[in-house]
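Structure provided below as structure tokens; questions to follow.
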Amino acid sequence: MTDPPAGYPAVDPAGHPAGYPAVDPELELGLLELSPALEAVLMVADAPLDAPTLAAAVAHPVADVEAALAGLTAGYDADGRGFELRNVAGGWRFYTREAYAPAVERFVVGGQQARLTAAALETLAVVAYRQPISRGRVSAIRGVNVDGVMRTLVTRGLVGEAGSDDEGGAVLYRTTGYFCERMGLASLDELPDLAPLLPDVDELDGDELDGDEPPRERRAGAPPEDTDG
Amino acid sequence: MNDVAVEPATSIDVHLDVFEGPFDLLLGLIARHRLDITEVALSTVTDEFLAHTRSLGRTGELEQTSSFLVVAATLLDMKAARLLPQATVEDEDDLALLEARDLLFARLLQYRAFKQVAASFGVRLAAQQHRHPRAVSLEPRFAALLPEVLISLGRDSFAELAARALTAKPTPVLSLAHAHTTTVSVREQAALLVQRLRRTTTTTFRALTADAPDTLTTVARFLALLELFHEGAVTFDQADPLGELHVRWTGGDDDVEVSEEFDGTAAPHLRPSGLAAVPEDGSDD
Amino acid sequence: MTDPPAGYPAVDPAGHPAGYPAVDPELELGLLELSPALEAVLMVADAPLDAPTLAAAVAHPVADVEAALAGLTAGYDADGRGFELRNVAGGWRFYTREAYAPAVERFVVGGQQARLTAAALETLAVVAYRQPISRGRVSAIRGVNVDGVMRTLVTRGLVGEAGSDDEGGAVLYRTTGYFCERMGLASLDELPDLAPLLPDVDELDGDELDGDEPPRERRAGAPPEDTDG
């Protein structure tokens, strides 16, 4: 077992010789070849699997597993396979490659998700960047009541409850792992920075911006925060 | 589940029927005039904004009007301020106006930022949808090895879960708790103000709103006053720069008709928005 | 498109020059590359697919598809991938390779699979209270596609097929005896009554409850007859 099988890239982000993690040949006895073992496990998974879970299954160190996953991903890309390995929502999963969607979608009928409305997308965006956040604060930012839309997002599994506000006890919302999956994000850190889109607002108190306690608006009597009690 | 298409990335062309609240409308109007978000832009679109707020009343969606009123009040405030002698800022009310103006700008910009990322979310979700995850049943030999399923819910929680899933619109219990359906008519408030102004001729805004039972009434009186100003029935004056805002009756004894601009005809009352009937943008469900 | 992407074997059992079926370059315009397109379709296929089905999905001639499948199979074998393409009873499907079964087994028994996901639980709850019910109706109620989740529930033995719809012929699902066992119920009768948990029926707009249900059942807001007695 000195040569990796053909077809695996001789790329190894961890600097190991040939696409496989360096394992002392003595220790390697009885161990499964890492990359194909990972392929086998990923082939039966129906959710993204994180590196520790995979490491436990293939009985290799997590660091080696991570290196092997990166190698596989690069290899599938270089080979122009019809599938790809993606790191989404903190785990790894096989996906079909976008270029072959026409073929996949001719075969998979009815699998299309209904698209989100502009209202739902805006609400989702606010939750994504300001989480955890109450419905009232999302309402204040969007200027409209968001109860119905938030419910839709929860039903779709894109948003979930995340405890309640310390002060008012309002339910707080956050995005879910499924949101990252659908967006193709490894984690929320990959969301683009909002700051460049927000010129000159730093002079203002953030709380006021979120509509929590804008004195003027209070006077005007209409912020919808109290909807969620 | 209707399938409304994601708006294009630059979606600020206005369909007044489908705007998403006051900020959306304002942005749309400003974009239609091809303006940047400035004070001039706001004053340019103030009338259109008010016209739309008025039409909301006509279409019986007045519940939604209150969130528009917050913005309308600031816009009118700004407009009124420009009609007054310019001066340096000293008074608390003027500070409040500046603050309200800055806040409106900031919230508009913030809303625009979220609108932009929302559009990019839409594009991204649509693109990602063409990458299909593998999710197939286990090969039988492995399925046989699956551990016993663990259902961590008790039967009551399970029933609650079912109820939640089967209920598209749970009744908003909390908001009903403080649902006292007060309504405030700008027209009625105007009539009240006319009465008082005829009696006293000169007074201050502070005095005119001192007995307002709630903030909504204050807003209604404020709007009524601006309507009266529009009709030439009152003038505003400040004795010293940025002093108290004095209101003087100039309308004589003839009847002054305050338009139904803010009240509309279909539903002639403003409702506080903290009630159950807050505007829903539930175009989604 | 004369050279196959790297990673595909230059082996072609059908005797074509380079791993790809011979296609007139003129005709090939606008066509998807055959081998990766097949990989993509097979990646999401749950059951073995025969060559004509695959050919329809990828829009290539059956003979070319057969040649490409043979090429892919040989390639995976030569590369020592963790998965293989097997022709079972005339259909093709991805399977894990026998050599890596130990890793797959460790993963399967590893406990990750014991607990149901939130989506699976919710789907199960809907089936339990509205059975027999089609996948389409569960989808309409939950607002998301439930194909994958329903498959999981069937695999786990919690839900089974129960004939088909009178009208459309859609497959109907019901909970199984194993479901009752796992829930600690002697029978479905022991499921708590849903009525007190549902808001006043009159306040509900049926259309929002679940898109395509007949009004009668939609309004009922209670478990179907066979559950309560």
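Read from first to last, the chains carry the letters A, B and C; within each, the first residue is number 1.
Keep this in mind: contacts are C-beta pairs under 8 Å (C-beta built on N, C-alpha and C of every residue); 3 or more make two chains touch, one makes a residue touch a chain.
Every value quoted in this text rests on a predicted model; they were computed, and no experiment measured them.
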item: Taking each chain's C-alpha mean as its centre, the one farthest from subunit B; value: C
item: Innermost chain, taking as reference the mean of every protein Cα atom displayed; value: A
item: Subunit A-subunit C separation of Cα centroids, rounded to whole Å; value: 22
item: Centre distance in Å when subunit B and subunit C are each reduced to the mean of their C-alpha atoms; value: 45
item: Interchain centroid distance [CA atoms averaged], subunit A/subunit B, Å; value: 33
item: Sites on subunit B at which at least two other chains make contact; value: 1, 132-136, 138-139, 142, 165, 168-170, 285
item: For subunit C, residues that touch 2 or more chains besides their own; value: 40, 43-45, 95-96, 101, 104, 108, 142-143, 148, 152
item: Subunit A residues within the subunit C interface of the complex; value: 5-8, 32-33, 35-47, 49, 53-54, 56-59, 75, 78-83, 94-97, 99-104, 106-108, 110-114, 152, 155-157, 178
item: Contact set on subunit B toward subunit A in their complex; value: 1-7, 11, 20-24, 64, 66-67, 69-71, 73-74, 96, 99-100, 102-103, 106-107, 109-122, 124-136, 138-139, 142, 165, 168-170, 172, 174-175, 177-178, 214-216, 218-219, 272-274, 278-285
item: Residues of subunit C touching subunit B in the complex; value: 40, 43-46, 95-96, 101, 104-105, 108-109, 111, 113-116, 121-122, 124-126, 128-130, 140-143, 148, 151-152, 154-158, 178, 182-185, 190-194, 197-200, 203-205, 208-211, 221
item: Residue numbers on subunit B that touch subunit C, as the complex places them; value: 1, 132-139, 141-143, 145-153, 155-156, 158-171, 285
